[in-house]
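Chain IDs A, B, C, D and E follow the sequence of writing; residue 1 opens each chain.
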Amino acid sequence: MEQKQQKHNIGAPPGELYYIGKERSDRVKISLIQYNENTFFENDYYDLSECLKNIKPDLIKWINIEGIHKLELVECIGKHFNIHPLTLEDIVHTESRPKFEDYDHYVISIMKMLYQDDIIHSEHLSILLFKDTVISFQEPSGGDAFDIVRKRIRQDKGRVRKMQSDYLAYALMDAVVDCYFKILEKFGEHIEQLDDEITDSPQREALIKLHDLKREMNFLRRKMWPVRELVNNMVRSETDLIHESNDAYLRDLQDHVNRLLDSIEGDREMLSSIMDIYLSSNSNKLNEAMKALTVISSIFIPVTFIVGVYGMNFKYMPEIDSPYAYGIVWVVMLSVMGGMALFFKRKHWW
Amino acid sequence: MEQKQQKHNIGAPPGELYYIGKERSDRVKISLIQYNENTFFENDYYDLSECLKNIKPDLIKWINIEGIHKLELVECIGKHFNIHPLTLEDIVHTESRPKFEDYDHYVISIMKMLYQDDIIHSEHLSILLFKDTVISFQEPSGGDAFDIVRKRIRQDKGRVRKMQSDYLAYALMDAVVDCYFKILEKFGEHIEQLDDEITDSPQREALIKLHDLKREMNFLRRKMWPVRELVNNMVRSETDLIHESNDAYLRDLQDHVNRLLDSIEGDREMLSSIMDIYLSSNSNKLNEAMKALTVISSIFIPVTFIVGVYGMNFKYMPEIDSPYAYGIVWVVMLSVMGGMALFFKRKHWW
Amino acid sequence: MEQKQQKHNIGAPPGELYYIGKERSDRVKISLIQYNENTFFENDYYDLSECLKNIKPDLIKWINIEGIHKLELVECIGKHFNIHPLTLEDIVHTESRPKFEDYDHYVISIMKMLYQDDIIHSEHLSILLFKDTVISFQEPSGGDAFDIVRKRIRQDKGRVRKMQSDYLAYALMDAVVDCYFKILEKFGEHIEQLDDEITDSPQREALIKLHDLKREMNFLRRKMWPVRELVNNMVRSETDLIHESNDAYLRDLQDHVNRLLDSIEGDREMLSSIMDIYLSSNSNKLNEAMKALTVISSIFIPVTFIVGVYGMNFKYMPEIDSPYAYGIVWVVMLSVMGGMALFFKRKHWW
Amino acid sequence: MEQKQQKHNIGAPPGELYYIGKERSDRVKISLIQYNENTFFENDYYDLSECLKNIKPDLIKWINIEGIHKLELVECIGKHFNIHPLTLEDIVHTESRPKFEDYDHYVISIMKMLYQDDIIHSEHLSILLFKDTVISFQEPSGGDAFDIVRKRIRQDKGRVRKMQSDYLAYALMDAVVDCYFKILEKFGEHIEQLDDEITDSPQREALIKLHDLKREMNFLRRKMWPVRELVNNMVRSETDLIHESNDAYLRDLQDHVNRLLDSIEGDREMLSSIMDIYLSSNSNKLNEAMKALTVISSIFIPVTFIVGVYGMNFKYMPEIDSPYAYGIVWVVMLSVMGGMALFFKRKHWW
Amino acid sequence: MEQKQQKHNIGAPPGELYYIGKERSDRVKISLIQYNENTFFENDYYDLSECLKNIKPDLIKWINIEGIHKLELVECIGKHFNIHPLTLEDIVHTESRPKFEDYDHYVISIMKMLYQDDIIHSEHLSILLFKDTVISFQEPSGGDAFDIVRKRIRQDKGRVRKMQSDYLAYALMDAVVDCYFKILEKFGEHIEQLDDEITDSPQREALIKLHDLKREMNFLRRKMWPVRELVNNMVRSETDLIHESNDAYLRDLQDHVNRLLDSIEGDREMLSSIMDIYLSSNSNKLNEAMKALTVISSIFIPVTFIVGVYGMNFKYMPEIDSPYAYGIVWVVMLSVMGGMALFFKRKHWW
C-alpha cells in the first residue's frame, strides 16, 4: 500500500497547474491510435506537435499520454482541445478524487489505476471523451491496464473497432475496473490465509498482519467507493457524447462496480470477524493458563503447608514421636491432593 | 458454504462469452414445456434445433436449459431469440449479481439458487421473459427448485395454467425465494443449537462454529440482499411484458423477500449476541479461577511462612523450648486461616 | 417469547390457502356487531351463512372471526366479499409481515397482537375495511385487545358510534397499538430490574437474563417496526374508504407508533449499556482478585524464602550460632514485609 | 433524570382526556398578556371565564396556562377556541412526543421544557398559535423559560412588541431551546469532569457515574431529536399563520437545534471514548499486577525450592558436610535470582 | 484543541448582538481592497466611516474586518449594507455553525478558520457576497488564510483580478478549505506516529495520546462536516449573485470538501484500528505474563512440596536413613520438573 499523501497545493490559485505526485525525470510518451472498422494506425511520439500533425479526421482517435508531470505538455493539449483549466488541474493533481464531470464539448472520468507488486500502488488516471477522440492521461508505471484494450483494437477482437469513441472510453474504464477485481482477488486470498493462521494459532504477528490488511482495505475502499458515484453520474448524465446504444454497457459497468463494493464489504466483515476470533482465542488461552495455575497451586499449596508444620523444630510436638505419624500425614496429604484434583475434575477444569 | 469465487474474466472484451463456473463435462439438457388452459406438452431434448422445431405458436412456452457451460448453445439461443450480448454474458457468468433488467422485447431476472447438503451451494440462474415464452438457464445441480412449478403445470394445480407467461416467470422466482426460506430455517436451527451450546458450556469449538456461521450468514446476505432490489425494480418496471393483473403477485413476492431479510437481520443480531455471551462467559470463568486461586493462596501462604519460621535452625530461639509454643502456633495459624476464609466469605468469593 | 417460526408453505402455489400456525381443534367463533348512532346489535354465530343472513344494510357492520385455522370459512368469506386470493393467503399465514394493502374495494392491515403471560405471545391479526363493513380475523387467544372497542360501542362511549367504518378500523388498530405499550412498559420494568441487579452484583444468571431480554427485544422490534411503514402507507394511501376526517386520527396513530419505536430504541441502548457495565464490573473484580493475590504473594513469598534459608541443615552456617541472629532475621523479615505493604499501599492497591 | 414513564392511557377512546402526569392538587394559574407596539396589559386569573371576558380584540394575546391536570379547564378552552379533541389529548398527555401539527385555524408545537436541579426534569409544554392569539400550556414547575420573554414584552426589549403573534410563538420556542443549551452545557461539564477523573484513576464509582451519564444522555436525546423534525415541519408548513417575514427566525431556530444535536452527538462520542479509556486502563492495571506477581514469583519460587532441598533431613547428603556448601548455595541462589531479575528487566516488565 | 465552548447568549432576544468569544481589547482593523483588471488599491483603516468614504463605485471591493468583538462597528456595517439582524447575530456569535444563507441582496457563508500551534484553534469567519462587494469578518488571530488571496490580487496572479466578486468570495472560501488540508495533514502524521508507537510498545501514555487524538478528531469533524452542506447549498442556490461561470469552481470546492471528509473518515477508522491493536497487544502481554507464571509455578511448586516432605522431623521416617534416598529424591524431582517443562513446551507456552 502506498503512503497516504494528503499533499495539496495549498495556496495555489485554483486552476493553476502544480504536479504533486512523485518526482519524476522520465520522458513523456504520447501514443496515438487511430482506427475505424477497416483501418488501424498506431504511433508513439515524444513530441505533441508531431502527434497532432498526424491526426486523421475521419477516424476514431485515442491519444494516451504517459507522464502527467510534464505540465507544459498538459497545458498544450488543454489549449489545443479547449479544456477547462479546472479539468487540467484535476488531471495533474494526483490526489483528485475519482469523479465524472460533464463539460459542454467533452466529459471526463477521473479514476485510480491500482496495481500490486508487494504493495498496492495507486496511480492517477484521467479519461477525456470528445466527439471522436479519447484522450487518456496516466502516470508512467509498471502496470498498464490499457494493454488489453490496445490489443483488442489491433486484432479487431470484440466490438471496439465497430463502435464510436464513447465505447472506447467505456472499454478503458472497464479495463481499469477489471484491474480492481484482480487486486481484490489477491486481497481476498490474503484474508483467507490470515483466517486460517489465526484459527490455528493466534500470534502477535498475525495481529500485525491483520492491522496491515485493515489499513490496506481502507485504502482500497477510499479508492473504489467514489467509482460508484462516478459511474452513476455517467449513466444519469445527459451528454450527447455518450450514445444510447452504450447504455447497456454502462449499466454493466455499474454492475461490476457494485460487485466490487459487495466484495469489499464482505472482506471488511471477514476482517472484523477474524479480529473477534483472535481476541476470543486469546481470552481462551488466558483462561487455560489460569486454570492450570489454579489447579496446580490448589493441589500443592495446602500440602506444602502440612509438611511445613512437621518441619518445625519445637521441643514439644507430640505427633513427632509417634511411629504412625509419618504414614498418617501421607494419608492426609494424599486425601487433600486427591480431593482438590477431584473437585477441579468435576468443574471440568482439566 | 461454497468458496468465495472472485474470478472474473479479466481482460475479456465486454459481451464476449466466457464460462467461469466449475469445470463440467455433463451434457446439456433442454426441457420444453408448452401449455395453455387446456393442453400440455412436455419434452426433453439434447439438441437445440430439434427443440425449436417443436415449438407451437399458440401455447405458453417454457424452455429450461440445464448447463450454461455449453457456450455455443447459449449463443445459438441468443441468436434465435435476439438476446443482447451483455445479457448472454450475464447468463453464463456465474459470478453476476442478482439483478433485473428491462430490454425492449424481453426482461431478465438473474438470481442465485441456493441448496444445502452439508454446505450451502449457490447456483447461477437466469429467467428471461418474452412475449409468451419463458427461458430459464441454470447450472446442472442436485437441487432443483423448479420441480414444484413443473408439477403444478402438469397437474393443473393453482393458477399457473390459466395465466400468461409473466405469471410463469413469477412462479419460478417465487419457487427460488421459497428455497431461501428453507435454507434460512435450517440456518436458524443451527443458530439456536449453538446458542444452547454456548449458554451451557462455552468451548473453543463453539467459537469456531460461531465463526463459520458468521461467514455463512455473510454469504447468504450477499446472495439475498440484491434480490430485494431486483424485485423492487421489477415492480417499478414499466415493461409491457408484465401485466397489471400480476402486480399483486409481485408485491407478494416483495413481501416474502422483505421477510427473508428481516429473518437474516434477526440471525445477525442473534449471532452477535451469542458472541457477547461467549466472551462474557469466558471472562466469568477467568474470574472464578482467579478467585479460587486467590482464596487458596491467601489462606495457605501466610501460615506456610509461620511454619517456616519455626523450621529455622537457629541455636537461640526462645519459643522453641516452651512446651506451649506448638499449641500456640496452631492457634495463631488457625486464626489466620479462619480470618482469611471469613474475609473472602464476606466478599462473596465463594 | 414465542419460538421463531420460519415455516413457510414452501412449494405451495401462490394464493392457495395453507394454515401454518399452531394446530388447533377449537371451533370458530364469528361475532357480528352492527350499529349506527342510534341502534346497536351484537350476536355470536358458529356458522357463517347464518351470520350473513342477519346483516342489516344500513348499519356499520363489524364481523370478528376468531379462528383462522378453519380454511373453508375464510374461503367462504373471501368469496362472499370478493377478496383477492393473495389477501386470503396473508390472512391465514400467521407468518405474514405487518403491512397495509390497498385493493380496489377494500383495504387490509395485517398486524400482530402481542400479549404476555410469562412469555410474550404474538398472534396474527387482519383488519379489512370495506365500504361500511370491517372484518377482523384473529387466532383464538387469551388476550383480546378488541374488548375495549366492543365495550365502547356497546356503551356508546367516545366517538365510535358517530363515525363511519373507517373510524372503527382505526379504533381496532389503535387498540392493538395500545397493547404494545402495555408490553413495552412491562419490558421496560424488567430492564430496570436487571439494571439494578447488575449494578449491585454482576452474576452469571444476570447475563443469561440479559441475553434473554435481548432476544425478546429483537422479537418485539421485528413485530413493531413494520407497523410504522404500515401506518405511513395508510396515511399516504389515496383510497376512498378512508375519509379525510379520519386523517387526524391516523396521524395520531402514527405518532403513537413513533413513540413505541423511540421506546424500543431506548431499551436497546439501555441493554447495551447494561452489557457494558456487566463486562466492566467483571473486569473490575478480576483486577481486585489479582491485586489481592499479588499483594499477599509479594509480602509472604520473599520472607518464606528467608526462613527457608535458615532451615537448611548445612554443617557450616555461621549465622546459626549467633545469639542475635534470630532477632536480626525477624527484623529483616518484618522490614521486607512492611516495605512490600507500604509499596502496594502507595500504589493504592488496598 | 426523571424516571421513564411509559404509561399510556391504554384502552381510552382516542380524543378523550386523561391526565397521566404526576398527581397534583395545585390550583391552576391563567396569565393573560395583551400587547401591541404601544400598549401592554398583564393579568393573572384563576378562572377561565373571567380571563376570556378581559380579552381585547385588537391586541396580540398570549394566554399562558400553568396546570394541564385540570381537565375541565383544558376542555373549556378547547371549546372556546374550537380546538380538535386530539390536540387537547396531546396537550394533556404528558407523554406525547414533540411535534408540530397544522390544523386549519391554528398550529400547535408540542415540546418538552427541561430544567435541572440535581436531576434533569422534563415538563410537557404546548404552544398553540391562532390568528392573533398564542396559547401556551405547561405543567406548574420550578423552572420557567418563558419569564425571559415576558420580561422582554413588558420592557419592550427586542422585536417582540413590533411583530405579530407568530413571532411570539417563535420567541417562546426559542426560549425553550435556549434552556436546552443550558442543560447541555452543564451536562458537558459533567462529562469533562468524569473524563479527568477516569484518566487519573479509573474506579468503579466512575463507572457507575458513566452509566448514569449515558442514561441521562439517552434521556436528553429522546427529548431533543424530535424537536428537529418539529422545526423542519414548521419551516416547510404552508400555513397562513406564520408570515414570510418570520422565515429567517425559523431558520435560525433550525440552526440552533442542529447545533444542539451536534453537541449531543459530540457528548455521545465523548462518553464512548471515556468508556474505552476506562476499560483499557483497567486492562493496563491488570497487566501491571500480573507482571508484578510473575516477577516476584519467578524470583523467589526457584530459590525457595533450593533452600527446601537442603532442609531435608536425609542421613546421607554429601553436600551438607562441606564447609563451602553454604556459600556455594548462596552464590547459586543469587545467580538464579539475579538471572530472573535481569530477564524480566530485559522484557521491560519493571 | 480549543475547549468546547457551548456558551450561548441564553435569554437574549433573537437578533440582538452579543459577543460570546474570548474577551479582547485589541483595536479593530478594517482593510479595504479595491480592484479591477487594471487598477488595484489597498488601504487599512481603523475607522469605518473613513473606509466607506474611500469606496470607489466601479471596482470590485473587498472589505476585511478583523475583530468582530467591536459590536458597534458590526452594527454600523449592518446598517450601511442593509444586513438582516439575524445575519449580524451569526457574524458575531462565534458559536454559530458553518452555513450558507441566501438573503435577497446578499448571500453569507459562515465557516471556521482552523490554525494550529500546539493545539488546533478554531476561529469564526463570515463571508458576505454583495453585488460587487465582498465583506469578510474574522476574529483577529495568528493564522490568516486570506494572505494568499491578498497576494494573488496584488500581484495579479491567477484569475481573481479578471473575475467578479463571486469569484473573490469563492477564492476566500477555497483558501479556508486549503487550511483544513494543512491541519489534516499534520493530524494524519500524528496518527501515523501513534500507530508506530503502539505497534512497537503499547504504553499507557500512548492510550492517553490516542484519547486526545480522538477528541481532536471529533472537534475537527464537527467543524468540517457542516461545510459540506454549506457548499452543497451554495451550488444549489438560485441567487443571481453567483454567476454560472463560477459553477465549475464551486463544484471543485465541493470536491475538495468531499476529499477532506474522506480523509477524516479514514483517520477515524485508523484511530479505531489503533485502539484495537492496543487492546489486543495488552491482552497478549497478559497472556505472556500468565503463561510465564504458570510455567514457573508448575515446575517448582510440586518439587518444593517433595523437599518439604523430607524436611519433616518425624522420628519414624524409613526413607531418611537410606543412603540412596537423597539420590532417588533428586531423580524424582528432576523427572517432575522435566515432565512439567516438556508438557508446557509441547503446548508452545515457551
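Keep this in mind: a residue touches a chain if its C-beta (ideal position, glycine included) is under 8 Å from a C-beta of that chain, and two chains touch if they have at least 3 such contacts.
Computed from a predicted model, the values in this text were never measured in an experiment.
Contacts with subunit B and subunit D are shared by C. Note on connectivity: the fewest steps through touching chains from subunit A to subunit D is 2.
Copies subunit C and subunit D of the same chain sequence form an interface built mainly from non-equivalent positions, shared numbers / all numbers used being under half.
The rotation relating subunit A to subunit E, fitted on Cα atoms, amounts to 70°, rounded to the nearest 5.
Centre-to-centre separation of subunit B and subunit E, using mean CA positions: 42 Å.
Between the CA-based centres of subunit D and subunit E the separation comes to 26 Å, rounded to the whole angstrom.
Counting partner chains per residue, subunit C shows two or more touched chains at residues 279, 283, 286, 290, 293, 297, 301, 304, 308, 311-313, 317. Starting at subunit C and proceeding toward subunit D, the closed ring of contacting chains reads C, D, E, A, B. Within the complex, the subunit E residues that touch subunit A are 148, 152, 157-160, 170-171, 174-175, 178-179, 181-182, 184-185, 188, 199, 248-249, 251-252, 255-256, 258-259, 262-263, 266, 269-270, 273, 276-277, 279-281, 283-284, 286-287, 290-291, 293-294, 297-298, 301-302, 304-305, 308-309, 311-317, 348-349.
Considering their complex, residues 4, 6-8, 10-11, 13-16, 84-86, 89-90, 95-97, 99, 101, 103, 201, 204, 207-208, 211, 214-215, 218, 222, 275, 278-279, 282-283, 285-286, 289-290, 292-293, 296-297, 300-301, 303-304, 307-308, 310-313, 317, 319-326, 329 of subunit B touch subunit A.
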